């Protein structure tokens, strides 16, 4: 009951004109930053951090600046889906899974349904995770603390298991794609040994590793675009969608089919999000995988199933709220964005840590209140802007294409401020075009480059603990069951494959 | 298509071998460590620094052989396809669009983003898209101005300017 | 066409005019945004400080052009050092440094970085290190720690940030000096290390105060000894290693440097700028709260400090076998 009263007080503070205004501004800024390919919540929050100092000098206290940054975070999470669906380029790693079904829907003239589903699923995910956050923060914090290296690795293994089924029918090409993603993820500096690895031709540009966005924007912004131009040679625009109020309302009605995906995404996303180091990307990916595995109609995934949008979108929003939990209850970041938010809290004079709730209730509760408010604002602003994004899709292809190319190059530069990354991105894109023609699935490589840098160090740190003994993944109470389930999921298709071969052979020789 | 499938598999196979070779590289500061010392399981520590990339590259190599077998047995769609890999339209498209992108990239190094963006948009819209000068010009200028205000002024992300840098100093005076 | 030509000439002359105007007033003033390279990723200790400095400059209106931070965390600082060395406009390129400013040129001689070529703008602070354990470990003094760690051998696990970095150096020192064989596991960042100790995944760590402060206040983490010359005001009951009879202290420099080739006028301008940042109440506040030490240091004094640090790190890294 105390929690409820504190929360109400917090919401009242968040609704004060100044704070409400900042939340609206933050959501709008975040939405555009998120919708811009290349820029995601990390960039938005990091870039605007110094300006919050100015806000602080007006309002005093850390509450208003934090509300502003949290609103940007929320807005950016909603915005990520927009470029995934309309342009087919995931703006941030969290939105990769949204392209799987969002892109086919947009191409088949159902972009409005996809955009509305993404917005509503995000809202549902945000709300469910906010309620869980408010109710169970302290208990969940202890869960987060009990996750050591082997547990995180087991979880990554689980995320890899959901890869199965993302690829095409060509098994060697799918495995190749996963492996090349994981290998490219090791380029740069190895944390565990402190050695540089795979620095091709001693170019310093490789020392920071091959970044996710270089691969993602290259593959989707350049490769996929070239492929579309090549195959869609007589079409004049990408897709035809009518923009009318009725369409939007129809789309909202359509959302009832996405209940299952939304629920799976909301809960799974939250639990993955609260675990430090995991973050929203594996959450979204696992939600997509589970939604597909449990669906009666698995074959429609990847071709424009509404649940395939709802699950990852609900999950990435839910995970973003989840990632705030270790940040606020323990003072440790659950994602790169929360790391920057934490830096902000320190700059404004707060001490993050387990005592934040006790020592700074005047900061904590208005912030939690503002999560609820920002979530409502974000869904409204997002729905209001959908016609604008749809209008963009109706542009003739010869106008849209150069704009996408320009945004791809500018966005890659803006994300990392490095021209080397831009050049590499263009080369990756042209290579991806050739692979695309030959049916090499590219999504597994893009996701592998996100998961690889988490999984590999965790594997090696765990083995440092156990003196190189692999049984550490099976004997620990939390890691053990997760590892076993993940291994079964990974081996399942293999067993099926062998069984099928065996049975067909038997049938052939009567 | 059939030829391209095999050629790609061979190129990727060679790439895998190069990655395996590169993964085994010893640290520069210690000449006593030999190549491929780091790819195994180190006693009491687990995998060495080259373990993960080396063995994954090895799997990549196996996959390339597998793709080659599928090619020989004609079991994968591209290896059955009688279509040409890139027809005349495709080749032309790759040349003008892909080449345009590389040109765009080179111009960025010389004239910076704000010189290259309008040139690229005009090239694409006017010469490939056959839109009117008026429309092409408007979008080219609009996009450039939007990028300048969004990135350089609002977000404080300073894009490279190349040789056009002196032109921007008065703009900084006004807006920063 | 003539219009374009006129506009072009107009812009050029305007540029020149502004150029001459400012040069009569002061010897150097930045005329474009100043690149502020950070030797670490977003959200870490160095990043936090850089963004605070940027914020102070904006808030107090200390510079007529903004600083724009660029994170270059690759290769343990190698990427940042190369970027600064190759900067095409050294008068508008600054860098926030850590101790990888000393260790990376030693560990990766192939980079051919000579850190004395960087312009000494100012050392803003020195970060401190303490030894931390979990309160449930039952260890309350450094002597107890030594007994327990010795008994556990390599089952006693110490975590830290990166390989051959600050935390690793201190761990190696403890192992050599006291005959321990603690196992060292490198992590990505200090915050994660503190969390692993609080979650009892690790036995101990040598975190900076700012990374462990939250868990210290909640009582989960206990500091045993400080690797400083004097006791820290924030932890008055924690003895220094010096008091316990070992002449060892270790700090992390938090300095702002200019790219090699920076002109003297520019160096004077930035020295003045960062002196003002250092004196601002926001910076002093932050310094006290995060338990940072070290006075402002600039010019030749800073260069001498770097020389001392270079030779010290070379000795330390040779001893631990991280360089030959």
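Should a chain be cited, it is by its letter among A, B and C, assigned in written order, with residues numbered from 1 in that chain.
In this section, a residue touches a chain if its C-beta (ideal position, glycine included) is under 8 Å from a C-beta of that chain, and two chains touch if they have at least 3 such contacts.
Keep in mind that what you see is a predicted model, and the values were worked out from it rather than measured.
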Query raised in the report: Among all chains, which one's averaged Cα position is nearest the averaged Cα position of every protein chain shown?
Result: A
Query raised in the report: When B-C is set beside A-C, which has more C-beta pairs in contact?
Result: A-C
**Report entry** Between chain B and chain A, distance of the C-alpha-averaged centres to the nearest whole Å
**Finding:** 22
Report summary line: In whole angstrom, the CA-centroid distance of chain A from chain C equals 31
Query raised in the report: chain C: which residues touch two or more other chains?
Result: 107-108, 110
Query raised in the report: Taking each residue of chain B in turn, which ones touch at least two of the other chains?
Result: 28, 156-157
Report summary line: In chain A, the residues touching two or more other chains are 192-193, 196, 417, 464, 467
Report summary line: Seen from chain A, its contact residues with chain C in the complex are 42, 46, 49-51, 53-54, 57, 145-149, 188-189, 191-194, 196, 202, 204, 207-209, 276-277, 326, 330-333, 336, 338-340, 342-343, 346-347, 349, 351-356, 359, 417-418, 457, 461, 464-465, 467
Query raised in the report: Quick one: in the complex, what on chain C touches chain A?
Result: 41-44, 47-48, 51-52, 54-56, 58-59, 69-70, 72-76, 78-79, 82-83, 107-108, 110, 154, 157, 162-165, 183, 185-189, 191-192, 194-196, 198-199, 201, 210, 213-218, 220, 285-286, 289-290, 322
Query raised in the report: Any idea which chain B residues touch chain A in the complex?
Result: 1, 4-5, 8, 12, 19, 22-23, 25, 27-28, 38, 41-50, 52-53, 56-57, 59-60, 63-64, 66-67, 70, 76-78, 85-86, 89-90, 93-94, 97-98, 101-102, 104-105, 108-109, 113, 117, 120-121, 124-125, 128-131, 135, 139, 143, 147, 151, 155-157, 159-160
Query raised in the report: Within the complex, which stretch of chain B touches chain C?
Result: 28-31, 152, 156-158, 165-170, 172-173, 176
**Report entry** chain A - residues contacting chain B, complex
**Finding:** 33, 39, 47, 170-173, 175-176, 179-180, 182-183, 186, 190, 192-193, 195-198, 200, 222, 226, 229-230, 233, 396, 398-399, 401-403, 405-406, 409-410, 413-414, 417, 419, 422-423, 426, 429-430, 433-435, 437-439, 456, 459-460, 462-464, 466-468
